[in-house]
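So, here's a batch of structures to check.
One chain, subunit A, appears in both complexes that follow, with subunit B as partner in the first and subunit C in the second.
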Partner chain A sequence: MRKLVLMELDRVGLVALLLLTAVGLLMAFAAVTGFYYPWHDSSRPPVGSPEELVVVLLVATVVVPLISTVLGWLQTDYDRRWNLTAYVSTRATTRGRMLAARLIVGGLIIVASIALMVLAVAAMFHAFPRLLPVDATILVAIFVTMLAAALPAYAAGLVMGWSQIGRLRILVLLGLLLVILLAVLMMGSRPRAWITLAVLAVAMIGWLHHRYVHQPL
Partner chain B sequence: METRVIRLVKTLAAGAIMVIAVVMVLSLGRRMFESELLALALDRPSSVSIDEVDMWGRRYDGDDIPTGAILHASLNRRMIRLLWPAIQDAVPQLTGYGRVGKDFVSRHAEGSGMTGTEAIGRYGLDEGLITQTAIRFQDAAEGAQDREVTKNVLYAGPEGISEVPAESLGRFGDVLWRPSYDGDVIGLDRWRRAFFRIDFEGRRVDWGPPVQDDSFQPIQIGRIARNDFALNVWWETPSEAHASATQKTGGANETPSGALAVRHHDSPVRLQWETEGVALVLDRSGTIWRLDRAALAVVGKAGEMPFIKPHDLLAYDVRVAVGEGASYQGVVVADVARTGCGIGLFAYDDDGRLLEGEGDAMSPSSRPGGYALLIGKYIVENLYPPVLAAGSFAAGHHCDAIRSLHGVFLVPNSVFGWRGRTFVERSSLKARFFALLVLAPPVGLGAVLGWLVARDAKQRGLASRSRKAWFVTTMMLGLAGYVMWRLVRPGEVMVTCSECGRLRRTELAVCQHCGASWQASAPLAWRVVEGVEMEDAAVGQDAGEPAAT
Partner chain C sequence: MAKIVVEAQGLVKFYEGRCVLDGIDLKVPQGCIYGLLGRNGAGKTTLIRILMGQETPTRGQALVLGANSQRLSAAQRGRVGYVAEGHQLVPSWRVGWLVSLCRGLAPRWDERFFGHLVSTFKLPMDRKVKQLSTGMRAQLNLALAMAVEPELLVLDDPTLGLDTAARREFLELAIDVIQRDGRTILFSSHILSDVERIADRVGILVGGRLAVDCPLEALKRRVRKLRLVFAETPPQRLALTDIVRQEVQGREMLLTVADWDEHKQAYLETYGPINCSVVPMSLEDIFLECTSRRTPVAV
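Presenting the complex of A and B:
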């Protein structure tokens, strides 16, 4: 299992780097505009969550799921192109374990990116303290929504990567992404949106498992 | 070969994906139609006015204009925001101080901006104690680097106020509270059934007498409002009304742009959210009570939200009319109905008697395109899974107006919820039957799709039990069920059955239509022959071959 995980990690390193770079850039923007300026170049007393941070987090709620989809797509696409499953199947392992390794790596990259954002936000609040304690509820809600949206988006990428890229595939994938974003837009950063997205993620992984296990080599 | 469990997992996964996808897309369609209907309501002069009323017992004309004051309420464009929870969540964060809600006040002690001292306070409820956090913020003097910030936190419990959360302060029970304009906190401890006032400056907590009436169930205290950004309420004195009437013809009802406007240049009456002597308390039933701030006791009725209970209103705003010498004159209640297309305005005197009330509701016929939007919304709603339509029908009566508006799976704000409310409110059997008929289109569509699926399932050789299960599932899920079947149905290779001539599946031992096996039947003892064939047969006969029979 460890070898399978390392192998997956080796293949998707580039996308992981892309995801982390996007997150880093967004955070840097939030740090400078939302935290540094109010203390140094503005007459506005730094109270509550800076608007810039909220904007960045809202943008990230769209960007992180999109990059997660690309991550999932590439993982499966690589497998399909190089017939990796057929090759690995000759070793002492099962398809279930191969899929689990893939999901663990993808999930870890997504969780790590969001955890990095949480750490960055905490560091910003520590370095540039606000005059009143921040109501963290909305920030936590946005992070949970981001994670909840990224997981089904990642699973959608994994499912769609199984076939050659074509107009229909792209349309279906865009449709699934639209459904995920609509869930966020119409339910807000609230528990019912998280539950819906979690059900969607589990259903997609169930579907993926079925397809992967029954894929002819 | 797929096992039963794998098939079940595959079907459930496809079902969940399809139901969520179909409902999200339909929900988007519904919201867009609702947005357009609201936009229609907002496009027209949607204000309500009460005029020619000897408002609160006297005239404030001061000149020879023989009219009373005019009270206005209108819908605000920002109410569209109510339809989109994500935007509603984000907007407060993007408009200054973030989600500050009731527990935030900002006071400029002296000076402002770069050069002054600013004190900022926040009130909160923390483990049974009401806290006041005060921050004093001194800007750096010219040339200096650092700003001076001091912080002071006070904890208030039923027994007193302290700088530490000591046990001796006691703890509030289930508490309804709100800071007032003067920095005090007024609240009701539901466990002790008594009102209290916390004076942080004087470091004391006062209690009123216990509330005796058990049916008294307050839901809001102090500032009585819900989504008040959706409403404009303002007041024109006779001279202002006269001036605006002469300046623009028919423009008296025009909505002022921007925030709430309260104009009172030549009138001693002000419309305020709070007043010195009286705090308002809203009961679950919609009655508004007057609370004496000094005695901390309810002294009488201030008014009510007529016809509709607070949880059935999308927005409301209650203003106190304050006269000369800060005297209490009455209240004004403005509200927006559940659909967002109706507005009401009511004025009450200082005894809680209704002085005047006006209402206005937009019917689809009042604007071009209104009916088309309504029909479009109805069609989209009827594509909802029948099981969710039935759930919306059942939930319509209980659901809060805002939660109804934000419904995605259950949509109590739909035609189903509306008829569901009729079903509960009417006792007549006929009315109830007609209310139930609203479910006929989605159930009918579900039944047709279920029949199509069952027919297809039979062609594909599914067992009778599976076919029934698919019929029921599709009937319950409607369109989503049909798409789900298309995704998971077994693939088929069909050949013509030699017995019945219809298409039969190759992997089954017997024909799914006539039950014939693969074994060919015995050849027929006779057959029909064409003319040419008959001639050939005749030639063969001549040649001494046996003739075909």
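Presenting the complex of A and C:
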């Protein structure tokens, strides 16, 4: 399994880097905004506000799932294009293990990106205690929603990459995915929305597992 | 009785309504070098892909090392070496990384033997697979399949793309592998001289059916080509079973018969030929007779 995980990391390292960089840029923007907020000097005109941090995080809630879709799509599209599974599955492994390694790597990259944001926000709270007026429960809800939205988006990317479908259909699927995500977000960052997204992710991964394990190679 | 390493039980495969495999029953005993022959599209690759779990049968089942080929565990796969048709590898990978992956996945890895193969074939570890020539890809594929010390080696047209010298090296390697205890090789090839050289059992697929499945020597004994000369025009129809091919030219008849025995010989003599001689047949001759589109016959 370790070798399979390394194989997946080797292939999607660049996308992981992209995802982490995007997250880093967003957090840097939030940090700079927070830094310039006149916490101590009320005579300085405000450049940023705690609300901007929330806005940045809400933007990240859309950006992270989109990049997750690209990550999943690249993982399986690369596989299908280069017959990776067709070769590796003839060695001492199974397709189930290969898919598990892929999901572990994808999941870890997504979780690591979100964890990076959590760390950055925590650091900002530590540096600027006056940010605390922002309700911490809202931030937690945003992070959980971000993760809950990223997982089905990632699964959708995996499904799209493995299915031999045209670009137009991919765009339609992406649009549909966006509509679902927005609809769920409108339900609010509440457990009901998270459960809906988790069920969506599990359903797509289940379908992919069936196709991946049984499809002729 | 030798253990059966590969077994097909009533394998049927349809592709888009076309029957590619039509009730294949096959047993490959341990320690056997089984040569699978057939014309293009006869179903050799489909059969091998089903055995390797890359294709599902429409009906029937295939057993590899005693387990259903569709549900082989990682440990069972580790006991099988496989070279796919066309030397399928991952083109964008470096050779070194591919080797490291295969080594990492394999439960057993003969580093000394692999090193020997790499130096024999002069394989560059720092190049990408797509930068290798077809022959080098074939050699790398063979080296990776053989390094895992497989109990069963499945090779789908392994010498495709190899020059004569490399083919000779491969055959010697195959013999080297088989000489280790209990190793079995199942391979398909278009080069019948290769099959004749190393196989001790052959199967010939004709139109999705296994027309021939017997030891090579028995096949050579059982299929007989005769040149019969008659005093007048030869009979148009012979009341003889298992005629593979019959050609008449003037007073001469060329007759290929399967399952040849003394009863058939005695019966043939009742037609009164003035001369009857045996035409020597190589495996290639037998193959061509058996797979002739006019008269495919089971041997």
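Definition applied: the second predicted complex is superposed on the first by the 187 of 217 C-alpha atoms of A that agree within 3 Å, B and C clash if a C-alpha of one lies under 4 Å from a C-alpha of the other, contacts with A are read in each partner's own complex, and residues count from 1 in each chain.
In this text, a contact is a pair of C-beta atoms (placed from the backbone, for glycine too) under 8 Å apart; a residue touches a chain by one contact, two chains touch by 3 or more.
If you're wondering where the values come from, they're calculated on a predicted model, not measured in any experiment.
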Requested in this report: Look at A:Thr94 in the shared chain and tell me whether it touches subunit B only, subunit C only, both, or neither; answer first, second, both or neither.
Outcome: second
Query raised in the report: Is A:Leu58 in contact with subunit B, with subunit C, with both, or with neither (first, second, both, neither)?
Result: first
Query raised in the report: Given the touch rule stated above, what does A:Met186 touch, subunit B (first), subunit C (second), both, or neither?
Result: first
Query raised in the report: Does subunit B (first) or subunit C (second) touch A:Lys3, or do both, or does neither?
Result: second
Query raised in the report: Which parts of subunit A are touched by subunit B and by subunit C alike?
Result: 214
**Report entry** Touch list for subunit A against partner subunit B, complex
**Finding:** 43, 45, 47-49, 51, 54-55, 58, 131-135, 137-138, 141, 175-176, 178-179, 182-190, 192, 196, 199-200, 202-204, 206-207, 209-210, 213-214
Query raised in the report: Okay, in this complex, where on subunit B does subunit A touch?
Result: 2, 6, 9-10, 12-17, 20-21, 24-25, 27-28, 31, 84-90, 93-94, 96-100, 113-114, 118, 120, 122, 133, 135, 137, 149, 406, 408
**Report entry** List of subunit C residues in touch with subunit A within their complex
**Finding:** 49, 52-56, 72-75, 77-78, 80, 82, 84, 88-92, 97, 100-102, 104-107, 148
Report summary line: Interface with subunit C, subunit A side, in the complex: residues 2-4, 6-7, 10, 82-84, 86-94, 97, 214, 216-217
